[in-house]
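Two complexes are shown next, each including subunit A; its partner changes from subunit B in the first to subunit C in the second.
Entry: the complex of A and B
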């Protein structure tokens, strides 16, 4: 049972890390809490679902498509909407992104109604059985996507010019400007990447969860918790936070009577206690690799 | 100049108010606060379609008097629902209310409804809280089964199909639906002779059910009874399929027979057992006394498909039947709420979803209850096979094997 618990924890942790990756990146650099992040995931999930339903495109193949579409949409959204609030108080930024989220949610209801959807490719209900344990293939693929995206983002932040520029801005925007970095462009780039990651996350989730226009907020709350636990702005913190939260929830669900119902509550109490001891989170600085 | 302008505005307002009053006098207005947007939009949309189609059947009038449904979008928001009821009853002065549907919306509007107590066709809400609050009211007519009707029918049906003495595990969610349903599920399954080997609480919206499935696997139940929301049942059904747990009978309520659940669950729907007052594609002859309103189910389904280009659901057929009962009572009583109540109490006709007759519930908590008769069906090869009651049975139960 312990081996199964560890597998379940890792798979859930991977899913949680995936939810938080894009959010962590955009907050770390632009310092804007994007309350529409959940809706970007929701739209990515719908994109993959419709691509699968209408044209038979596998949700996994939709991931690169969603990355491109998400990047474009994120770039345009930042340039024409979010950028105007960069110097505004945080409350205004929150209200703006929250409003965008509401618009996207209601647009999804108008376009696709509130009906439940889920993509069902052949592997979504397959499992790898190894002696006493089993590994659901769909969730294993989600875990793999999470690991790949985290690795790519890490490489981008540490090995590329724009990645290093975005870290420089996160550390000191004024100094970065003096060094000749086009901060507005880097902000747009980072925000676009964060939306691309969110849309890809949605595509990865499209076969393992139920899609409705209203899933965004629930996902956002979880992503915020992971971001706080891991340390705002840290990619490795998001991964670590996701895995830790997954382990906590799964352990409670396995060993506490009626634990599945209490898992989230217990995990959030643990999160609260942890923050009392280490308020900056596990890895508590702004964006770094 | 300002005085003239004010006089003009006042005059226009007076004229429009007078015109509205005259219109109200010539028209029977039925307030319809429904979830036309937000998370319960599927409920509200079905309620609206049913009411619209019923009105169309009556050609928009009863006894030469125009009838109008005043649809209000309550946005799946309790506060908006209360505001809509207040506006409809206090300002527009409607004497009849049709909606809302979701249990949580129902609970929210009860205090506002009490202010004027219009005749209320309550086509929704499965929680007994509704029964406790308004079930005893003479102007309240509940046209949807309560949660206990599900468990009463399912436990009796399963007992007759697979026999009692079987070991079951109940999975319930940490929301109002799961928690209010659990005591009834316990009571009726125990009374039917089933052994409850375990109860597992799950969180609404959970992403991972493997921990509870691991526990359930060890209990080796012969049936799993789920009391969870439709969206959670999609994830749960998929994860049961993935885990390959050999539970012969998987049992839920209404969700299993909803087309949207079936589509979302995909192959994981196979073998699931559910119940409903209407099963798509079933045969039901036309009403003997009012075939003009309640034609054969296949004729009605065709008309519905032609009008809306979608397949009807239990909520569509139920809303149509409930709205038609109100219109039939108006036809006989005219626009007098007390007389309409009397006519509703006298009704006895076959509808699309069973007998259109208001009786007291077995608990005695609701004095006017209709449409509580349900059928049990199992998903077999993508079709719903009716298992119970025997008189409408279309096939035999199949135990799942993994």
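Entry: the complex of A and C
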């Protein structure tokens, strides 16, 4: 029972970590909180769903495609729209990204209606049974993708010129400019990467959950909770927060009567408690102005 | 001084919003020369540095490197052209280690090719940094951070090195350690513009100096001539002292 709980928590937590990673990356570097992040996930999920339904492309194969499409869309969106609000008050930035989210959400309703959708590849119902432990194949694959993407992101941040430059900007933007870093270009680049990760997360979700145009905001709130849990702006915090939320939700679903309904509320309770008791998160120290 | 200077500022005006901090500032630095810009708090020294790096855009005037105007170039391009600043308060990247900070110093594409050679050069100049390669910059002492800030600026292979208050918050012993390296750097042919409140330390290593007061250059000359000059005292102690003397 405990082993099953831990496995389920890890599988869910890996996905949650991925959910928050993109958001944390763009917030940490550009200092703009992207309220349309959930919609990017939603569109990635629809992209994978239609690729599967129309052309029979496996949702997992859609992940690299969604990474590329998300990167391009994110880059253009930042360079031509969001960049204008870089020096604006936070409220303006929030209204702008929130507005973009609303437009995308309603465009999705117009294009594809509000029906519940789900891509169902052959393995989506399959499971591996090891002794007493039960591992759903779909979730295992999603977890693997999440772990791989998180690892690639980490390598990029620590081993490459632009990854290092992104961390420098997050820590001291003016000093980064003094290094000869074109900060505006790096902002666009990082935002593009965060949208690429979001779209890929959506593609990974498409085979294990139902999709509607409205899932974005719900996912965004969870990503916020994870960000606050781990500490805003910290990549390792996002991973830790994701795993923690996965564990909390799964535990509630297991041990509380009618738990699977209550599990959905865990993120809100955690968000509330952390903001009250430990607003800097588990390992966060830096505060953005 | 027959050739045109490596670096030159002509009639620079700069400030923040509606408040003009610098008016009609002109100065020059020859190749391999150490020049100080002295003045009390609020005289406009750091503003001058910000305008040279491009972090602050000038209202008027021209900044030239090798005779070419760089006034309209964005900050990140000026690094590539050969202007590097070790900023006031050091501004190291606190959560990156020493080596990562130095690598960022050579982010500009031109300096990337000679990165290994420059790393060795800086570790030779500041052996303390070589011992602490993997140390997070934010956990180092003020003196070590100052060495890192200077080393980081040197990583871009600048022709003009700007040093803003390198002695700020350092003990006399550590200040001396940092100041000992300034002539060594200049001996490589790098021009240095040094901003200081610690006039004694700055004049001791400088060839020439300018005195800035209320955003204007009020005196210029050889370092040894300025050392005990009345104009320098006036700039620092303002009307209060000279008024009392009269």
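Keep this in mind: the second predicted complex is superposed on the first by the 269 of 289 C-alpha atoms of A that agree within 3 Å, B and C clash if a C-alpha of one lies under 4 Å from a C-alpha of the other, contacts with A are read in each partner's own complex, and residues count from 1 in each chain.
Operating definition for what follows: a contact is a pair of C-beta atoms (placed from the backbone, for glycine too) under 8 Å apart; a residue touches a chain by one contact, two chains touch by 3 or more.
These numbers were taken from a predicted model, which means no experiment stands behind them.
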Tell me the contact category for A:1 with respect to subunit B and subunit C: first, second, both or neither. first
According to the stated criteria, A:116 is in contact with first (subunit B), second (subunit C), both, or neither; which is it? first
Considering only touches as defined above, state whether A:173 meets subunit B (first), subunit C (second), both or neither. neither
For A:183, is the partner it touches subunit B (first), subunit C (second), both, or none of the two (neither)? second
Which partner, subunit B or subunit C, touches the larger number of subunit A residues? B
Scan A:165 for contacts with subunit B and subunit C and give back first, second, both or neither. second
Which superposed partner A:58 touches (first subunit B, second subunit C, both, neither): neither
State the interface residues of subunit C toward subunit A in the complex, per the touch definition above. 53, 55, 74-80, 84-85, 87, 91-96, 100, 103-105, 107-108, 112, 152-153, 156
Within their complex, state which residues of subunit A touch subunit B. 1, 4-5, 8, 11-12, 15, 106, 109, 113-118, 120, 124-127, 129, 134, 136-138, 208-210, 212, 214, 218, 249-250, 253-254, 258-264
Report the residues of subunit A in contact with subunit C in the complex, numbered from low to high. 161, 164-165, 167-168, 171-172, 174-183, 286
Quick check: in the complex, which residue numbers of subunit B touch subunit A? 37-42, 45, 173-174, 199-203, 205-212, 214-215, 230-232, 234-235, 238-239, 241-244, 260-261, 263-268
